[in-house]
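Presented below are the structures under discussion, each in the form of structure tokens.
Two complexes come next, and they have one chain in common, chain A, joined by chain B in the first and chain C in the second.
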Partner chain A sequence: MATQYGVQLAVHLISSHFGNLVAKVCDCLLRKGTLTLASVIRFTELPPQQVKSCILVLIQHNCVQAFAIQQEVGFGEAPRVVTQYMALFHNILHRMRFAKFLAIVSEELDKECEEILEGLLQHGRLTLEQILDRAKSNQSEGEPVVQDALRESFLKLVRAHFVERCPASEPFLAPPSEEETPARKRGAKSAKLVEEPQTIEQRAIAAAAPMDAKRFSVIINTGTDVDDSPNVTAGEKRKQDALELDKETGASCEKDVLWRANFEEFVRCLRHKACIANVKTRLDDGAAIVLSAMLEATRSEEKKVKTENSVPLSMDTIFEGVMKSEAGRSMTLERVRGSLIQLGCAPCVRGAAESYSVDLKNIIELAQNDEVESITLKRYGRDAYRIFRLLSKSCRLLETDKISDTTFVEKKDTAKILYQLWKDEYLQMEKLNLHGSRQSQFLLWKVTKDTLWGHVLNEMYHSALNLSLRVAYELEQEQEIIQLPREKRVGALGNRFERLRKVRILLESSLMKLDDAIMLFNDF
Partner chain B sequence: MAFRGRGRGRGGYGRGGVGGFGIAKQEPFVLFPDIELPDVSSVPEEKNLVIRNARLQNYWKSSPYYLEDIVPRKSQSTDIERFSDRVKLRTTLKRDPLEQILRLTSNNFPLELVQGMKGATHNKRKVQWNPESDMQKLELFEKLEKKLEGQDEKGGKEKKEGENEDEDDEGGEEAAEEEFSDDGDYNQNIDFDDDEDDFNMEDDNDDEATY
Partner chain C sequence: MPFSDRRVPMPNINGRSEPSFYALFISTLRKAPCLSPSPNAAFRSISEFKPPRPLPSSCLSNSDHCSHYFPQVILILGMSRSQGLSLKRKRPDTNAASQPLLDAERVLYDLIRSKEDMGIWTRDMKRETNLPDNVVTKSLKALQVKKLIKEVVNIQSKGRKHYMAVEFEPSKELTGGAWYVEGNLDTEYIKILKETCVKVLSKLKVATAEGISESINKTGLCATECSTQQIAEILRALVLDNEIMEVRSSGSGEFSSIPIGAVCYRCTNKGGLGGGGPKIGAMASIPCGVCPRITQCTPDGIISPKSCAYYAKWLDF
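Coming up: the complex of A and B.
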């Protein structure tokens, strides 16, 4: 969700990574929406060549997607095709958490893979040739780089879906045709009644994305074809055969294929981690181990990041997965069963086998509730916390007196707290006038999750922006100290340096922690 | 006009009292107002993440992707040039031009962006994968990083000097446009504009006077 402070945070990130010029262009696209090159030049009032360079940088770093669209023209003129540019808000924010992506690869794979990923994050997009070239120039004295080992590391990254092919640079969007209306008529009968028509931006992203079969396939010049779609359905097999035919003609342009980090997969990993952590604190270690095993086994099969339920698994597969992990080795089958019940997954019987699936959406919602309640507690106190909890659990309008009675808070205090929460946009209020024996006015209160979540997210962006600005400020203040060679940093100067180091670690760690919360509301 | 001036002088009071504007309280502007901060020890220290982040940020600051505002050289030096300025200049970074690292083909980027750019064909120069970023910044986390880091820095610096000399030799059509003086190492560190960017083409060759 691109809220006001979200946009400011995104622009600040771009500015600190790529400078003010690129930030200005980015700001224009974020605030004004999808634009043509001419419009960007007009709004930013920068020279055209500079604007082009800025957009090139943004595209290179996956922050902007271009697409071609047919422009409506007057009667008698041939239709013109124009290129439009859209900012990718979520990708820009991911730049805050690149360090977490690197940490994931460091844990799951190895150091060489991490270095390849670092190169991809530094440069946005690279060909395999550039990756190898970079590794060679970075090698340290005693460890010569072996090309085959590097390719192997690269393949590991692709197989794990951490690296993917870049999307098309300028997909052409056909103008919406007559097919739309019959679909709408059918829509009344189908279950997906409320499916909104896709925006042009959503269409562009879908059109630019590489085909599923191609997205994670690497064809090396040596001629061996490495495909890693484990579930080869009939349709995909046909696509693969088509690829084989293309291979001879396409082999020469394969080496120009650009690769990039697959943010989707990293977000998925972090989502799983968040679910496991929540289950660990809310339930117990056993449940966490079982959930961890289930999610690890099915990670490559999840279709989209925000899946509601985990992919169903049989009891045997679950138990196998649990045994594989060190912590789970001592668990018995009964214990695993118990944990599954704790996790709330009732067995679903399909055919002969029963399979279990965890409601991930529910876990995420619980985590979000915990977070907001904790914010309320810290900011407004225990009474407010109780009131807020009551309202958010009841999901309907409640009257002031009723709230006061249920939560055992004094009426006067209740009214004050409710008013304060309402002013800060945590609650909605409605007035009810009753004309009976006596006229009375009642105030009703309600928590509306959607608007509240949006508001909380905006506040978090604001905090993240403040933290980033403060870090930048502290670094700028001590610019001279940083540039001193180590020998001169003694005495008072040394102390200032130490202070700066501590401050930086503290502020940036806080930012990382805050980012966990941001992801909880935005990406999970 | 006169009325506006009067109003300003009195800090916003003026005759506007009838319109509902009271005296505006002038508060001093505080960049970071004091607030109640949470307990420092409750923040988990994520040193690994902070180090990785710092490394990435240092790279970007010295990468070809960081596009600087064009400031004409003449306007910068209105003061007398001091000795300390020379030292400052020495640490200014020489960035690769953007065309060197981007693969500017119509496969990878929209046609209208690629058309205007020079060097649409892949540049023969070697790419600086490890630019000489402020090594001092890395030292900020020296205690936490492994000892190998120090050896890598040295290796990186030496490689960069080597690459500079390679660039002098490879020249090609770029040399004619660059007006690069061939004094070898003597002018290596002066912030001399030798890249082929469109941005800096307007610049005069001011530095000829300095030697």
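Coming up: the complex of A and C.
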């Protein structure tokens, strides 16, 4: 969600990585939306060549997507095709968490894989040849580069879906035909199933994305097609056959294939980690181990990042997964069953077997509630915390006195707290006038999560921006100290350097922790 | 049992039962224009009453004349006509009749008494009686001196002067209920109860509200006995404090003694004895997360991360 401070944070990230000119172009696209080159030039008032270079940099680093669209012109004139550019807000924010992506690969794969990923994150997108060349240039003298080992590391990354083929650079979006049916309504009860028409940006992303069969497919020099796309359907078979035909020219085509980090997979991993951490804190270690085993077993089968329920698994598979982990080795089947009950998994009978699925959406919502309640407690105090939790749990309008009675807060204090929370946009308020023997006015209060979550997310972006700016400010203030050689950093200078080191650690670790919270509200 | 169906008791009068007297008496009450909304109370008062002398025969056929012979019946009926007898009356009505009251005092006193345990605000008195302010003030003082009325605190509006007849106790709407004392929340009592509930739940591991209430009352952990309803209210507040959580019994394991589906409670990992409360979130850990000036803060403004006093304090190692 690109809120006011979300945009400012994104622009700050681009500025610190690529400079002010690129940041200016990015700012224009984020604030004005999808634009043509001519419009960007007009709004930024920069020379055309500079604007082009900036857009190319942003495309290279997966921060902008181009697409071609047919533009209607005047009567009698043939329609013309124009290229438009859209900023990819989420991908820009991912630049804040490259260190987390590297840590995931380091933990799950190996150092070589981590180095390949580092190259892809640094350069945005690379061909396999460029990856190998980079590895060669990074190796110290005398240390031979084993090409096969590097290719193998690269394949590991693709098999794990951490690396993917880049999307098409400029897909053409055909104009929607008149026969296309509008959103189908299936009755009042299934309002959620109303299909909202896709925005042009969503259509562009979908059109640019490589086909599932090709996305994680690598053709290496031997001509062997390494296809790691799971569950290839019959419909995809024809596309795979087409790929086979390309094999003859495969080697030369594949040389030009660009690869990039697959942010979707990293976000999925981080989402799983967040769920496991929440369960560990809220329930116990056993439940966390069971959940971890379930998610690891089904990660490649999840269709989308924000999947509501984990893929169903049988008890045997779950138990097997638990036994594989070191921490789970001592768990008995009974204990695993108990943990599944704690996780709220009701067994679902499919044929002869029972299967279990965890409500991940619920875990994420609980984690979001915890975060907002924590802010309320720290900012407004314990009474406000109790009041906020009451309103958050009840999901309906409650009257002031009722709130006071339930939370054991004095009536006049309750009114003050409610007013303050409302002023800061944490609550919604409605007035109810009763006309009886005496006219009375009652104030009713409610937490509206959608609105509040958006407000909290904007504050988080603002705080992340502040942390980043403060780091930059501290480094700027101590520029001289940083440039001093180590032996000269003694006495007072040494103390200043030590202080700067602690300040950086505190600010940067706080930023990483805050980024976890941002992902909780934005990406999970 | 409806009033009309109740069998009329028949005391002896001059050694003879007089069913016809009571039948006449009941029929008189039934004809009364404004019978008490609580006829049982009226009936109780009447059944205790014994006529001072035998009824003249003329009275048996003419119900209107009965009232002359029963001045206390007039009083009961008179009271019925006003607001009806209150079941909540604590003491017998003896003082009012005996104290000589001025007209204004009488009017005000009758009005105040009619409000029973709800009492009445001075402004409402003035509106209903149309008496001048100074007369009302003087009369109220006099009634207080004569110990006929008292001032009570109304929790809904503590600033207002609220009066009530002395024989009534303020209702829950005025006092705020069991959790209020002298118009203020009894925070100390609530705190003690909360701590006691958490202690008991830590020992029991998982329990219903009834179970906890029973445990507290049995072991005498609290000086005053608490109802299950009161304990349930305290537990609800503890859930909101995140000290305990509400769960449903599965009927097995630790829930084996609790019926399936019953609402019960257990301590949270964060709560419980020495639990320390909820975990601090990411936003709450940084100055911006709790800053009262966040809306005025801008990258290059007067309030900015570079000039922020909270940051300076946070980074002061």
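To be clear about the criterion, the second predicted complex is superposed on the first by the 503 of 524 C-alpha atoms of A that agree within 3 Å, B and C clash if a C-alpha of one lies under 4 Å from a C-alpha of the other, contacts with A are read in each partner's own complex, and residues count from 1 in each chain.
The rule we apply is simple: a contact is a pair of C-beta atoms (placed from the backbone, for glycine too) under 8 Å apart; a residue touches a chain by one contact, two chains touch by 3 or more.
Bear in mind the structure is a predicted one, so any value in this text is a computation, not a measurement.
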*asked:* Per the contact definition in the header, classify A:Tyr473: touching chain B only (first), chain C only (second), both, or neither.
replied: both
- Between chain B (first) and chain C (second), which does A:Thr407 come into contact with in this model arrangement: first, second, both, or neither? second
- prompt: First (chain B), second (chain C), both or neither: which does A:Leu258 touch?
  reply: first
Of chain B and chain C, the partner touching more residues of chain A is B
- Query: With the two structures laid over each other on chain A, which partner does A:Lys111 touch: chain B (first), chain C (second), both, or neither?
  - Reply: neither
| query | Does the superposition put A:Glu170 against chain B (first), chain C (second), both, or neither? | reply | first
- Task: Name the contact category of A:Lys513: first (chain B only), second (chain C only), both, or neither.
- Result: both
Touch test for A:Ile341: chain B only (first), chain C only (second), both, or neither?
second
Looking at A:Leu377, would you say it contacts chain B, chain C, both, or neither? Reply first, second, both or neither.
second
Check: chain A residues flagged as touching chain B and also chain C 470, 473, 506, 510, 513
Residue set of chain B touching chain A in the complex reads 31-32, 40, 43-50, 52-57, 59-60, 63, 65-70, 91, 98, 101-113, 116-117, 126-127, 129-130, 134, 136-137, 139-142, 148, 151-152, 155, 159, 198-199
So, in the complex, the side of chain A touching chain C is made of residues 8, 281-284, 338, 341, 370-375, 377-379, 382, 385-386, 389-390, 393, 401, 405-411, 456, 459-460, 462-463, 465-467, 469-470, 473-474, 499, 502-503, 506-507, 510, 513-514, 516-517
Within the complex, chain B is touched by chain A residues 16-22, 37, 48-50, 52-57, 59-61, 66, 68, 83, 98-100, 102-103, 118-119, 121-125, 127, 130, 133-134, 137-138, 140-141, 166, 169-170, 253, 256, 258, 470, 473, 482-486, 497, 500-501, 504-506, 508-510, 512-513
In their shared complex, chain A is touched by residues of chain C numbered 155-156, 177, 179, 184-185, 187, 190, 233, 236-237, 240-242, 250, 253, 268-270, 277-286, 288-290, 292, 294, 297, 299, 304-306, 308, 311, 314-315, 317
